[in-house]
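Got some structures for you, see below.
Consider the two complexes below, in which chain A is the common component and chain B and chain C are the respective partners.
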Partner chain A sequence: MIGKLAPWQRILLLFFLFVIAGPFLPVAVASFAFRWGWPDLLPSIWWWERRDAAPFPLGWDYIFDPVSRVVPALGNTLLIAGLVTLIALALSIPAARTLARHRFRGRSGIELFLTFPLIVPEIAVGIGMLFIFISLGLYGSLWAVVLAHLVPVLPYMIRVLIPVYRELDAGLLEQAALLGAGRRQTFFHVELPLIAPGALAAALFSVVISTNIFLLTFYMGRGQIDTLATLLFSKVSGGGALDPVAAGLTLIICIPGFLFLALSHRIIRENVFSDGIDNS
Partner chain B sequence: MTLKLPMMALAGFVALGMVPSVAAAADTAAEQFRDQFLNGELTWDDVSARARQEGEVNWFHWGGSEQLNSWIEQVAAPEMKKLGVTLKTTRLAGTREAVDLVLTEKQAGRGVGEGSVDLIWLNGDNFYTLSSQDALFGSFAEKLPQSRNFEFDSTDPRSQLNLSDFGTPTGGQEMPWSGEQYICYADMARLPRQEAPADFEELEGWLKENPGRFTYVKPPHYIGNTFVQTVLYAFNPSGRGYQDFQKPIEEFTPEALAEIMLPGFEYLKRIEPHLLPVYPQNQQANQALYNNGEVDLACEFGLYLVDSYRKTGAFSETTETLLFPNTGMIKNKNFLTIPVNAPHPAAALVFADLMSRFDMQASKLEKIGYPLGIDRWKLSKQQQETANSVAPSHFGVTAEDLAAVAVPDTNASLVKVIERVWQAYIERKSDKPFPEIVLNAMKAG
Partner chain C sequence: MNGKEGRLTLTKWLGLLPALTVLAVLFAGALVFAAVQSFGHAPQYGVTEFPTLKYYRGVLGDDGFWVSLGITFYYALVPTVLGGALSLALALSLSRRFRGKALALFLYRIPMVVPYLVGVSLAILLFANGGLFARLFHALGVIATPADFPRLIQTSGGVGIMMVYLWKQVPFMTAMLYANLIVIGRQPEEAATLLGASPWQTFRHVTLPRLMPALVGSTLIVFAFNFGAFEVPFILGAGYPNTLTVEAWRLFDNPDYSQRPAAMAIVCLLTLISAVCVLLYLMLSRRFDRTVGRAA
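Right, the complex of A and B next:
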C-alpha cells in the first residue's frame, strides 16, 4: 500500500510516524540506562553493566521484582479500565442515542450538563467526592474507584457517541424492522454493528482516561489500591528527569491502550456486515 | 427493550458492590485504648497484644525511592511480621495526599480507630497542618520502650532536634525516624574541590567568574527556604548567626527582624543577576539542571544523598559532597506520626517503636543511607562503633566536618515571614523600604 503513495505522501507519513514514535525513543533508552547525563548522547553506563553489582534491584529488575507491585497494579488497571469502559458504554449508548435522535425541551441544557465534569478540574472534584463517598460509606473498594472514574469518562464517551448516532441512517433500522426483525435483533445485528467503530473509539478514550487517573484512584482507594498511575505518580511527581524505573513504568502504562488498540483493530477488521446479518 | 435489561442488571451489580461498608458507630474500644495508653495505664505487653489482634498496619510514605521501597519489603516488613503484624505500605507521590486523606476522613466524622492511615512519614508543613487541625493520635513518643534512644529531656539543648520540627513543638506526637543535613554537591570533573566555594563570599566571587553556573530551589519550597535561612544565618549582623532565628516571631519587632535579615537579603539580590536565570521548583528539577550540566553545584537535604545517587546512577561517579557553606549547614530530623483516626493504633505504636530500634536504624543507615534518627550519645559504645562502621561515605568530607558546622532550623513562626520577604524583595522586586516589606510579611499572618 505504501508503494502507491506519492513521494510527498511518503515524507508526510514518515514525519507522522516520527512524531508519534519519537517521544518513546528516549524513554525506551532511559529505561535501559544506569548513568545518562550531560553531555552524553547515549547512556555512558548501561543497566546491564551494573545490575549484578547493585545492592537492590535496578531498573527493569526492580520493575519485574514483586517489590515494585507492577504486576498487581497492571491487573488492577486493566480490571478497572475494563469495568469502567463496559459500564460507561452501557450508560452512554442510550444517552447518546436519545440526545441524537429525539428533540425535546432542555436537550441542549442536558448536553451541556453532561460535559460539566470536563470543565471542573480533577483536583477540585477529588476532595469533595471523597467526602461524599466517605459519608455514604462506599470508598476503599475497587468499585468505588470504578464509580469515581466514570465521572470524567462519561462526558467524553457521550460526546463521541452523539455524532455517531446523528450519522446513523435510521432508515436501515426501519428496514430491519420491516423485514421482521425484533427490537432486540435490530439492536444487536444492525444498530450495534453500525455504531461499533464509533463505540470503539469512545471505548479507547475511556481506557486511556481511566488508565491515567491518579488522584481519584488514590482517594477512593484510600491509597490502598495500586494502579499503574499511582505507581508512576509516586516516581515522577517531583518533575525531575526520568530515571530508569520511571521510564520503564511510563512504557508499561501504555500497555492497556495498546492492548485495546490491538483488540479493536481486530474487531473492526471483521468488517461490519462481512458475515451477513441473516445467520441469526 | 433494547438495552434496558442489561443496564439495570449492571446498575444493580454496581450498587450491590458498594453499599456494604456503611459507616460504623464510633470505635469505642479504640478510643478507650488511646486514652489508657496516653494516660500510662497500659504495659507494653498490653500494647503488643492488641497490635497482634489488629494484625496489620498501614504506613503512608513517599514512595519515589526504589532503595527505600526495597528496604521496607526486605527488612522492615519481616521484622514486623515477627511481632505478629502485617506491614502494608502506601507509596505516596506527595505526603500532602496522606494528610488530605486523614483530614477529609476526620471531617466526614471518622474518628479514633475509623480512618485509613496508621502512620505517615513527614516533617515540617505537613506535621504542622495535622497538629493545627487537631488530627494527631497524641503524645506517644516518650512512652515507647525505644524512646531511650532519644534525647527527650528538654533541659538538654540537643533535645531540640527531637522536640521541634521546623520550629513546631512536636509534643511527643511524632517519633524521629531519620536525621538530615542540608548539603551541597558538585561534580569534581567540572568543579574541582579546590575551586569550589567554601562560604557565601567565595560563592559570589565564583559566580562572577562563572555566571549562571548555580541556582537554588525557589522558595516557598522548603529546600529553597532552607538555602535562604542559611544565607541569613551567615550574614546576621548581630554576629549571633543562627541563634537569633531560634526565637519565635512574638519576640521580634519588625525593625529588629528587618535589621538581622537585611544583609542576607541584600546578598541574595546581589547574586541574582549571576545565577542561572531560573529558580527550579523543587530538588528534582535542581538535580536535572545539575545532571544536564547547566549548573556545577546544587544544594538540598541529604547527608548520604551523593552515596545513594551514585549507587543508582542518578549522579556521576565524580560527584562529591561539599563543605559549603562552612558558616553553618542546617540539620533537622524527619518523623513518623500517628493520625487521630488511625485504624490500627496499637500496631502503629509497635511499628514506631520498631523503627526506633538500634538494629533497624543501623540497617537503614547501611543499606539505604538514611541517617540515624536516634541520638548517638544515647547509644552504647558498641552501638556507636557499629553505626560508624556501617555508615556510607560522604565522599570528600568527613562526618566530623559536617557535624562541626551543623546548625538548627529556623523557628517555624519565622519561616513564613522569610518566604514572603523573599517573594516580595527578590521575586517581585518590590521597591518599598526593606523594613516595610518585613512589616507586611509579619502582618500577613
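Right, the complex of A and C next:
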C-alpha cells in the first residue's frame, strides 16, 4: 500500500542517515586521541593511556587553555549572536506584522527585496560593506560584526515570523481592545505571549545563523575579533590532517545547532498531530 | 482580517521602516559601494579614475577569469542537480510510515544547523590522503602509501567540495520537499492509484508536478549559494584554478591595495551572473509549468 516504505527506500534512508551522522563519530574519537597516525584505523594511543603526560585530553586541554583563545572566542560568538538576535527581533517583529496583516502596493516588491540577501554572494556584500564601517568608524569593532550579521539574519527572521503572524488569531487582540486594554497592554499581555513560541524558534534560528557566519565576521572584525567560526577556519585552512584541537572545535561549534534541533523538535512534535494523524 | 486592502498609512510604514533601513544601508549600500569601486572610485586605496572600465577589461581579458568561471559553475551545478534528485527520493521515503521515523526526522536535520566549516572538517578527516578512507583502503590492501590514494581535496577536481555541499544541502532540500508533501497530503496519489495508475505514473503525473515549485525554489537557493560560496572551495579546492570568490578574496587580500577594484569587479560580475542565472531558471520553470499545465 501507499503508506509503507519500499525496501529500496529503507536502504536509501539508512544510508542517508549514516552518511549524515556517521562522520561525527571519528571526529569525537579524534578529539580524544593522543596519537592517531597513518595507517591506524583507531588511535594507537588514547589520551587516557598517557594520563601521566596529559591529565586531560590533549585537544580539550588546549581548547580550554588561554593560549588557544577558544574560551574568549566562545564568549564573542555568544555575545554577537545574542546582540544580533535581540536587534533582529526588535526589527523583524513589527516588519513581519505589517507584511502579514496588510496588503498594500509594493508589498511584493518588499518581499522580493527580502530574498536578495539570500541570493547575492556573501563576499560581494562583505567587501562592499567594509567601506560603510570604515566611514562610520566602526571597522574592526564588535558592533560592525553585529550589524553585518543582520544582513543574512533579518530576511530569514522576517520570513519565519510572517506565517506566525498570519496564524495569530486577530480576534483575540480585538477582544483585548474591546475589554479596554491599551495598545501597549494589548501588545505586551496578549500579542507577545501569542507569538512567543514562533519568536523563540526565530531567535534560535538567528543564533544558529550568526554562529555559522565566517566571511562577514572576518572582514568586519578586521581579522581581530575571534569567534568559533574564525578560529575553526584558521585551524582547518592549514590543510593536512584533522588534529585533536580542530576536532574539538568542530564539536563545540555544533552545540548551538544541536540545541536548536532538540528544542524545535519538541515544539514541532506538539504540533504534529494538529494536522491530523493520517498525514504521516 | 488577514490582508486588508488599501494604502499603507504612516503608522504601518513605521513597522517596516527600521528593518528596511538597515537592509538598504548595509546590503544595498554595500553593493553600491562595490559597484562604484569597480568603476575606479576608491580614494582609500589611492584609486581615483572614476569612471573607468579598466578593471572590468583587465578581469575579462584574463584567461584565468574564464577558467575560474567554469570551475564556479561546475562546483555549483553538479551538487545542485545530484542533490535535487537525491532529495526528491529521500523526501518521498521520509513521507512514508516506518519505525524510527521520529529519530530519522531528528537526525537528518543536523547538517542544516551546523556551519559549512564543520562539513569541511569532516571532509578532511575522511577524504584527505592520510584520511580514514585512505586508511580503510590500506587495511584492505588496496593501497600501500597515502600517496596512492586519489586526491579528493585540495585539487580542482572538487570531489571533496561537492561532497560537503551535498552533505549540507540534501537535508535542506529534503526538508523543503518534505514540508510540501505533508501539506499536499496523500489523497491525490491515492486517487490516482485507485484509478489504476502505476507507481511511476503516479509519481510522474501527480506527485512531481505538485512538488515542482518547492523543487525549483530549493534548487535555486542552493545553486545561488554554491555560486557565491567561499570557505569550502578556499579550503578544499586547489590553489589554482579555483572559484571566482576565491580569486576575489586573493585580489582583495593583496598587499597592493590598487588591486582591490579588480576584486570589486569580480564580485560585481559574480553577482550579476548569479542574478541572471536565477532569473533564467525562474523563467524556464514558469514556461515548463505552463506547457505541463496545457498538456495535463
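Quick note on the criterion: the second predicted complex is superposed on the first by the 206 of 280 C-alpha atoms of A that agree within 3 Å, B and C clash if a C-alpha of one lies under 4 Å from a C-alpha of the other, contacts with A are read in each partner's own complex, and residues count from 1 in each chain.
Here is the rule we go by: a residue touches a chain if its C-beta (ideal position, glycine included) is under 8 Å from a C-beta of that chain, and two chains touch if they have at least 3 such contacts.
Since this is a predicted model, take the numbers as computed values, not measurements.
Partner contacting the larger number of chain A residues, of chain B and chain C: C. After overlaying the two complexes on the shared chain, residue contacts for A:S141 are found with chain B alone; chain C is out of touch. Once the two complexes are laid over each other on the shared chain, residue contacts for A:T77 go to neither chain B nor chain C. Legend: residue contacts after superposition of the two complexes on their common chain; A:F187 is shown touching chain B, with no touch to chain C.
By the touch criterion stated above, A:F214 is placed in contact with chain B and with chain C alike. Contacts of A:D243 after superposition on the shared chain: chain B is touched, whereas chain C is not. Residue contacts after overlaying the shared chain place A:S31 against neither chain B nor chain C. With both structures placed on the common chain, the touch criterion links A:F260 to chain C but leaves chain B unconnected. Look at A:S206: by the touch rule set out above, it reaches neither chain B nor chain C.
When the two complexes are overlaid on their common chain A, residue A:P94 makes contact with chain B and with chain C alike.
Counting contacts by the rule stated earlier, residues 38-39, 90-91, 94, 127, 131, 134, 147, 214-215, 233, 237, 239-241 of chain A appear in both its interface with chain B and its interface with chain C. By the touch rule above, chain A contacts chain C in their complex via residues 2-6, 9-10, 12-13, 16-17, 19-21, 23-24, 26-27, 30, 38-41, 90-92, 94-95, 97-106, 110, 113-114, 116-129, 131-132, 134, 147-148, 150-151, 154-155, 158, 166, 170-171, 208, 211-212, 214-215, 229, 232-233, 236-237, 239-242, 246-247, 250, 253-254, 256-258, 260-261, 265, 269, 275, 278-280. Across the complex, chain A is touched by residues 1-8, 12-16, 18-20, 22-23, 25-27, 29-35, 37, 44, 89-90, 92-98, 101-102, 104-118, 120-122, 124-126, 128, 130-132, 134-136, 138-139, 146, 154, 167, 170-171, 182, 185-186, 189-190, 193, 221, 224-225, 227-231, 234-235, 245, 248-249, 252, 260, 263-264, 267-268, 270-271, 274-275, 278 of chain C. Across the interface of their complex, chain A is touched by residues 1-3, 6-7, 10, 14, 17-19, 21-23, 58, 60, 62-64, 66-67, 69-71, 73-74, 88, 90-94, 97-98, 100-101, 104-105, 107-110, 116-117, 281-285, 287-288, 291-294, 311-314, 316-317, 367 of chain B. Put simply, chain A touches chain B in their complex at residues 33-39, 45, 50, 54-58, 62, 65-68, 86-87, 90-91, 93-94, 127, 130-131, 134-138, 140-144, 146-147, 183-184, 187, 214-215, 218-219, 222-224, 226, 230-231, 233-235, 237-241, 243-245.
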